[in-house]
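All chains are identified by letter, namely A, B and C, in their written order; residue positions are counted from 1 within each chain.
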Amino acid sequence: MGMRLSALVEAVGGRLERAAPSDGDRAITRVMTLEDADGSSISFITNLKYLDALKTTRAAAVLCDARTLKLHGELFPCPVVVTGNPYLAMAQLVTELHPAPRHPVGVNPLAVVHPEAVLGAGVTVMALACVGKARIGAGSVIYPHVFIDDDVEIGPDALIYPGCVIMRGTRVGARVILQPSCVIGSDGFGFAPDREGRMHKIPQVGNVVLGDDVEIGACTTIDRAALGSTRISNGTKLDNQVQVAHNVVLGENVVMAGQSAVAGSSRLGRSVMIGGGSGVGGHLTMHDGSKLTGGSFVMHDVPAGETWMGAPAFNHISRAKAEIHYRHLDEHVRTLKQLQKRVATLEAQLAGAPKAAGEGEKS
Amino acid sequence: MGMRLSALVEAVGGRLERAAPSDGDRAITRVMTLEDADGSSISFITNLKYLDALKTTRAAAVLCDARTLKLHGELFPCPVVVTGNPYLAMAQLVTELHPAPRHPVGVNPLAVVHPEAVLGAGVTVMALACVGKARIGAGSVIYPHVFIDDDVEIGPDALIYPGCVIMRGTRVGARVILQPSCVIGSDGFGFAPDREGRMHKIPQVGNVVLGDDVEIGACTTIDRAALGSTRISNGTKLDNQVQVAHNVVLGENVVMAGQSAVAGSSRLGRSVMIGGGSGVGGHLTMHDGSKLTGGSFVMHDVPAGETWMGAPAFNHISRAKAEIHYRHLDEHVRTLKQLQKRVATLEAQLAGAPKAAGEGEKS
Amino acid sequence: MGMRLSALVEAVGGRLERAAPSDGDRAITRVMTLEDADGSSISFITNLKYLDALKTTRAAAVLCDARTLKLHGELFPCPVVVTGNPYLAMAQLVTELHPAPRHPVGVNPLAVVHPEAVLGAGVTVMALACVGKARIGAGSVIYPHVFIDDDVEIGPDALIYPGCVIMRGTRVGARVILQPSCVIGSDGFGFAPDREGRMHKIPQVGNVVLGDDVEIGACTTIDRAALGSTRISNGTKLDNQVQVAHNVVLGENVVMAGQSAVAGSSRLGRSVMIGGGSGVGGHLTMHDGSKLTGGSFVMHDVPAGETWMGAPAFNHISRAKAEIHYRHLDEHVRTLKQLQKRVATLEAQLAGAPKAAGEGEKS
């Protein structure tokens, strides 16, 4: 594997700068961080926190955008590949230079597959996986210890890592990736209390529907709907340990970072982004393009395009202001107490003044 | 499957209102949301957020309580089934109209069961489950990829979904439901640091005891006690990704929503409710009927019946007040600064006054 | 099993106080909590919350440090074993008195092991575990339903509980303990958005390296690096449901409590401690010995040795002050409003005074 730097530049639609004529011929075999790169590596800078690492990198070349080159060009110790979206270019190069390992195709004899399961062409089911009366699309790969229940349909080219559990009724689109040990289709958390405080289970008889190009993180859980469907739309990506409750609907290209959660029946519009560790309360709507920063908890609908922050969350600009004052509360309260004294003094003076002024008082 | 509307009304102990004489004969085959219901569906309204959906529902009938009918009766486009607890009635109807799929009973030949395991009548152990020298009560269902260690006892009619891990010493009551990939009896997190900062593991030699009618969510983890038992009492329900640390004791009918946690040795009384994403610190007590709202973190004992909120949590009424002021801190601080100026002006005026007054001023 | 109290005292390097001459001969068979101890138990007190339990314990003897004995000596109803680090002594005694159950050594015929896997002496692989073309060090124990991918190396004496997933490229040191269902080497969460908002996966081609004496909690997830390695250094302990993102580096003897998380590329120095439910943002450094209290979220670098608190976190002493004022905001705002009125009155008085003073001033 490997490619010449000039071919690489062409592949990402970039242009080569600060290069000697011979640099285009260098063989690039891998993508590495600035710190770990060597003379056969291409590296990248997309976060200015790493300008120090840039100065000392041994990379054969570094990807960046035009702005970074303009502002920090003097720091680059090597040729530069300028592209409009260096992060995307990096993704493309990793795909080309670091191909995923290939598995033997087919059903391992130690897999347990229901005789009425329907497997598409080139499906791989590894040892100790368990597939019920389900349909699995062509080219899908099922790792060991995966459980696929009866009445599950999985689109083509799915990649389902070890330990995943996919319960009955689930529908999975094309090119979906399920990281290890995620759970799709567990029962929603629904109980009706009686007068004595006992909780009676409301059977959860809906399902989960995952669109195309969805990726679900390790140990993430997506509950089936009580009735109807919990829906994750095309292109949406969930990180590890995310919790999606019953009847939630996530729009297209939603991104939820690690340990975030959405409570029952809430809806997230297109391209909503949820920071790590954040929670969205139940029966809410976060409209298209809205964002919740990390460590937040939202209890109201969020308007389209707004960023909310904090717990409870509100608009991040208002909250940032409030937060600054919060940090200086000690000082503000001291000022307040001094003012109380000063006003009391003034009041005493004024109350006394007339007397003191007694004669004349002519300010 | 299905039942006549009149039989359904009788089954839930309700009364039919706004119905034509023939409506009682309609065949109801399923429970659906207001939005998805059709003419053979019964639906329900228990949350006023869905009044809009109520207006346009195509359901054959809608369950609600007397109060909702009284206040919003004009919105119902169909017959109404009035009951004291419509949510409970809904649970009952889902159970009747949407029965769970039935599995073949017995031990699958591809399951691995210890020869000295004791299985009650009608136990199901599916392929690739692994059962040690344990006792499993009659009627229990064990899905694939479940691990049940030696010295585990499971009461009758348990339902243990794929990927669950139940470590040695665990005791599980009757009618317990374990959602996929929960872990019962992992080691508690206990280490003794030495002077060099190295952490020495304190062997965790206690166990976990789950009462009757307990339900545990997907990827929820319950640690064994360091010594003695971690206890989850009868009727308690834990959602997905809940963490219960060693030596915690949860009372009866406790409800913990997704991603909440209780740190070591804390105790929750009867009917305590913990909102999603909330944490309870170690060695604390939340007394009977107390509540912690979502996204909170409590570091003190919570009195019986109180609701606490926030991180760090305190009484929710006090916190709601503080939170409102917090949101207006920018305004308050501006007021404070204006007051400083105004008081300084007053002080200058008063200081000047006497001088201006010239003669006298001797306070 | 069991030991005489005098031998026990010697084993922990302590001294026996408040004992009758014959007490040294008592047979001690187990370590128990103060509450559950009986006459053949040794107990311990390391947290003053349990002084009440101390008074009524039936333990044969209680471990504590010299300070506790000095301050609360009158509460001990039994002989006392005084040691410098009673918690460590307790750990030692649990190890001696409550030995772990022993498993039959060897590869179970129902395990699935790659023919080219290299297993050290005395390795145990239980039924339904799946081991790829990997190296497993001598004395390691692999429970059922564990998945070990190709190109994994595991040091000697590892203990890998059921359901763990260890993906390709992972390197695991000596004496590592993986609690059930943890995931090591899932893909990092890296996507490059294009102009239409579609997220393109950046292949994650790095790995995870776990040092010696590391312990990882149940359902904890550690992502492989995008490029290079995610590193967990020697002696570090992670509790349940912890999330470690790609390219994170954790120093030695770091402790992360349940449901905490570190976002991508952040670094934690030696002996950093993270409280339960806390999050560390991406591309940050927490320097040696710094601490984050439970329920916090940090978005800035934390200096060595400092304790930070809250969301967003800052120094815990400053935050504690701010938090106290926050709780009294209602009162402070009331004071502020009263001051506004009082100042307005003063201003009116002063403005009016001269005129009023004009003829007689009689307000």
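In this section, contacts are C-beta pairs under 8 Å (C-beta built on N, C-alpha and C of every residue); 3 or more make two chains touch, one makes a residue touch a chain.
Since the structure is predicted, the reported quantities are computational estimates derived from the model, not experimental observations.
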item: Copies chain A and chain C - rotation angle from C-alpha fit, nearest 5 degrees; value: 120
item: Classification of the chain B:chain C interface as same or different, half of numbers criterion; value: different
item: Approximate Å spacing (C-alpha centroids) for the pair chain B, chain C; value: 24
item: Numbers and ranges of chain C residues touching at least 2 other chains; value: 128, 145, 163, 181, 219, 241, 259, 277, 311, 326, 328, 332, 336, 339, 343, 346, 350
item: Contact set on chain A toward chain B in their complex; value: 112, 128, 130, 145, 147, 149-150, 163, 165, 167-168, 181, 183, 186-187, 189-194, 197-203, 205, 219, 221, 223, 226-228, 241, 243, 245, 247, 259, 261, 263, 277, 279, 281, 283, 297, 299, 311-312, 314, 318, 321-322, 325-326, 332, 335-336, 339, 342-343, 346, 349-350, 352-353, 356-363
item: For the chain B and chain A complex, residues of the former touching the latter; value: 31-33, 35-36, 47, 49, 85, 87-88, 90-91, 94-95, 98, 100-101, 110, 126-128, 143-145, 161-163, 177, 179-181, 213, 215, 217-219, 235, 237, 239-241, 252-253, 255, 257-259, 270-271, 276-277, 294-295, 310-311, 323, 326-330, 332-333, 336, 339-340, 343, 346-347, 349-350, 352-354, 356-363
